[in-house]
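Note that the chains take the letters A, B, C, D and E in the order they are written out, and that residue 1 is the start of every chain.
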């Protein structure tokens, strides 16, 4: 059997699934593709044991995982495939929020706010004297890591007294039911539920304009700092298998269309080109140093020296 | 209970039939049960004695598919206790039963005997203790049981269990007691004391007893009915039945080698 | 008995029977709460999923488009995984129960096994997943396969099967055992000819609630690697040529119904929620179907045996 | 008796066969012990590095559980409290209801009803727990909020209630079987004394079936302690040291599943916390079970 | 089995004591059981008759806490069947028992009787049918049961169940049969046929019977032992015991009102 095995993050899953579906149809079932969801961490665990050909990742590979892969002699090609735009949302009945600055968000979410910042007017006196109800993803998720890094400035640094859920639909429900709610999660959950939610335009720095999340603002890089790339990692030795090669080619070619279809934001054309080059060249290693990073552009990333 | 004993009736079966599903185990039985007398039912195994007895406290109600036909009138109230309108619990409160196979509860000896009283709402320790002791004495079990009242009843011997069940049935002062072979598992001495007890009891209560011991029937009962294949072949005063039965079948049966 | 006495007694009975009635009502209410919850859940699922319950749903593979997506790989996977689970858990569970109830000497080892069994029942299912990942997938090298998943779920429901079976065995009266032994039966003959057949009803209950639990489990099989997107079927267990049975499917990758549901419920698109609901309806149907034989057997047995 | 030697010879093979069967059965029974050992081994092995970093004292006494945050605290008590509270709520629903249903089905209900209803109740155990979770969140919580408007959207109460309903079949089915196995002649004894159904059920049948009922309770409790998805969806996933069921909280099992399926790298301290938490849960259930074992032993009745 | 009947022994209890936990139910009992004779055990309820009988087929082994002391020698093998080295199953293959409370299996009548044969490896339908019929005839149940062989045994009446258990015990051609009050639930006619059966059986097998029916003991047994409070008070030929017992206790017991 010719099987391409993929596992990993649930954030990347929809894109990979879409590609896998079309790819199998295009190949008339000659090549089988399986896609699992076991989280970025679980995916890398299997990947670094050589059990999967490709790993979906909503964050770059981290030091521990790099070590594991190295120990097992596994080299990988890091390919960004789409953007995920973290969206800050409030209830549609919330009429006082027109936009928020990163600083305001930080004031709400930083660890020091725990138990202290509990009312809207503590953040901005123009806002009402009403309690803030916070919703966010669980601390185990890449989304949480990225948001804290981007807003608070330090990964995993957050207040703890918010309602966390693994399941973004639960967060959607929570925010849509509560006038005083504020939450954040992936763009696709916002865009599917745009009627029940209101996305908050973000002001990156004082003086910059407030930018709402959308395909365009993410793609052209103005929606900052809450857009992040998501990746697939390809096992370098699997590339020798023609089915994997064909699959990746297909992936990078169809990603712009399919990502959009599943409500993820495609990378700029140029980035896909670069990714294809990297893949052809079998450029292994990660552009990150095993540490999370905010605000890097994909193009820059793809040109960095790969670290192992 | 009417004040005089005499020849008044305590209960009366009127063309009573009984069906286990399709099987007709009792065939139009009519039988009087005299007040404060002992009525014995005899007959070969499988003839329907237990089935008949169990009609009196509506035990058959517990199983689906069983069906009564006809009546059992309980006096002095003159109610048909088989009528669906009559509450079987009321019937059972007034009529108690000792079963063919001893069936103690998985409880202590004391709790077994006290059970009927508790069901009747008695909970005062001293009343219970008094009644339990009296019942155990009546059933000739007190000496063996008094030191192990709080042992599990299952650890008793077969005969002891049977006496326990007798004690349990007596503790509640019933009007009519149904005995299904109460002494089958008992030795002669215990049997003697149970028979004595019955004779004493009959001062106050009516007794219906199934026995396959002809001597026992002859000794203790006032009236005897001979059942065969679900029918009453003959009913009469015990003396008459055992000396000069009307039917040849009866005679054959009781003069069998073991009369 | 004189008249006042009878009235007193009637009063007593009426008081006691009040409890009968109260209890019957309470019982019925409790029952209704359970059944109504089920009906509410089921109704909700049906209401939401009905539009998707068309033949196409059963014969299509998952897809990114909710209307095209189906549960073919999921229901086939569930069927095969349940087959493995039942074949592993039932014999193992019944055998353990027989050992504990009929053979085990009353010593510390037995006490340890006994406590251990009930303790296992409380281990969260995800921990079984972790165990299975280490044991079946890596150590025994069974891979992320139907076999691994079936065995994992078998371990998961083993305690339920054992506990229910033990209680069923224990309920067989001692006099029956005595009768069998007295005829010269060995222990195993006594067990296999009497105790086991007479307690089948209770064993069935264990099997039913065990398998019901297994069929709805998600977490442990995700950990060992059930797949969410799989657009092909495992090897067929029955082949056209001799020896007609093939076991290649045991090692195949798979997905199961609850995972498919789980995946769909966490999708952002509303349309997938309908798919999830429809899959839920099918899953409950499959459970009833799967347990049908056991339910029917239990009914037959309980009708036949009364002590 | 000349057949005697023959019989002795026969007895030899018979003996062997019996021993063989016994060994096979013993092996089966030991498989569950082996499972436990494997689980404990895995949990211990992975939590050793955790306990190297986090002293046991902190683990047991710190009142915060934020191992995945930058400012990490490793106090297990919030999770323990969440687990115990949801379990307690669930059991307060499941034990009375399950027992009442069992008694009702075994002693009161017409047998048609019983045979139809039981499989349907058992279906409750088959509903994927995610569905129950959404039911708790989307139906039960809003209903409860009509009574207590202040109830937070995520709370242990509705998770516990729904979990209790889910566990009902565990308790009702197994106890009903146990009650049904009480011999009829014992019931007859009670009815013949003039007892009502209720009296017979509670004073004779239930005590006689005690061992089976206890086993059912233990199964139910165990299931509640280990239940994951309902709590994960409906209780808020917020480690919160509280015994108030109206508040949101997280349980050990929900925490484990959350981390297992998340994006954390394996082998990191954050990931290892799940093993320490799992070990804690194992120990907790062990304590329950040992207590249950002794209780059951003391109250066992025989017939 | 030795070829001659006569006065050889089939079994022999030698200072046999038995304990239920701490309770000593049998106290150093020594008793011979003659080959192809009927030995009766009599004594008041609770004296230990059943306990003694159940030692012979090691029934007590089934429960924890029970303890034997002393020996029961089975002839002609001369082995102590209580020795832990002896396989209780072998003992039970040769010694069968009818219990005090009838305990049929919840199977059909046919399967109940056939069970002992199946355990012994017989599975040929025709052999089974022949043996089952013979056993049911012997137990005087054939006429009642022949049309409902495949009915559940639980639907039989008490006495019918008892006869079924007798048939079950006889179907396997035992060397020694233990009867624990086999006719207690039977009517005189059935009792007569069972007693006849015992007399016939004794041509081939040895019988040990517990009965509280003195007449029965006198009628059928060759030897009688009188037990009291776990001790053998007297053992002798039945004739002697019932006409001229050595001990006054024995005399008191058998001449009780019901001798």
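Just a few scattered comments:
FYI, a residue touches a chain if its C-beta (ideal position, glycine included) is under 8 Å from a C-beta of that chain, and two chains touch if they have at least 3 such contacts.
Bear in mind that the values here come from a model prediction, so they are computed numbers and not experimental data.
Least step count on the touch graph, chain C to chain E: 1.
Contact with chain A and chain C alike is made by D. Between the chain pairs B-D and B-C, more C-beta pairs are in contact across B-D.
If you average the CA atoms of chain C and of chain D, the two centres end up 15 Å from each other.
Distance between chain centres (mean CA atoms), chain A to chain B: 83 Å.
Chain D has its Cα centroid 37 Å from the Cα centroid of chain A. Chain D and chain E have Cα centroids separated by 49 Å. Residues of chain B found to touch two or more other chains are 89-90, 93-94, 101, 119-120. Each of residues 10, 37-38, 42, 167 in chain A touches at least two other chains. Contacts with at least two other chains are made by residues 13, 16-17, 173-174, 186, 222-223, 265, 306-307 of chain C. Residues 57, 59, 62, 64, 88-90, 92-94, 96-97, 99, 101, 103-107, 115-116, 118-120, 152, 154, 165, 168-169, 172 of chain B touch chain D in their complex.
Those residues of chain A that touch chain D in the shared complex are 9-10, 37-42, 44-45, 57-59, 62-65, 68, 111, 138-142, 144-145, 148, 154-158, 160-167, 170, 173-174, 177-178. Taken in their complex, chain A has these residues touching chain C: 3, 5, 7, 10, 13-14, 16-18, 20-21, 24, 29, 32-38, 42, 46, 51, 167-169, 186, 188-189, 191-193, 258, 261-263. Those residues of chain D that touch chain C in the complex are listed here as 14, 17-18, 21-22, 24-26, 28-33, 35-36, 38-39, 42-43, 96-97, 100-101, 103-105, 108-109, 115, 117-132, 134-135, 139, 165, 168-170, 172-174, 177-178, 180-185, 194, 196-199, 201, 209, 211-212, 215-216, 218-219, 221-223, 225-229, 252-253, 256-257, 260-261, 278, 281-282, 285-286, 288-290, 292-293, 302-303. Within the complex, the chain B residues that touch chain E are 20, 42-46, 50-51, 100-102, 144, 155-160, 163, 180-181, 184-192, 212, 214-215, 253, 256-259.
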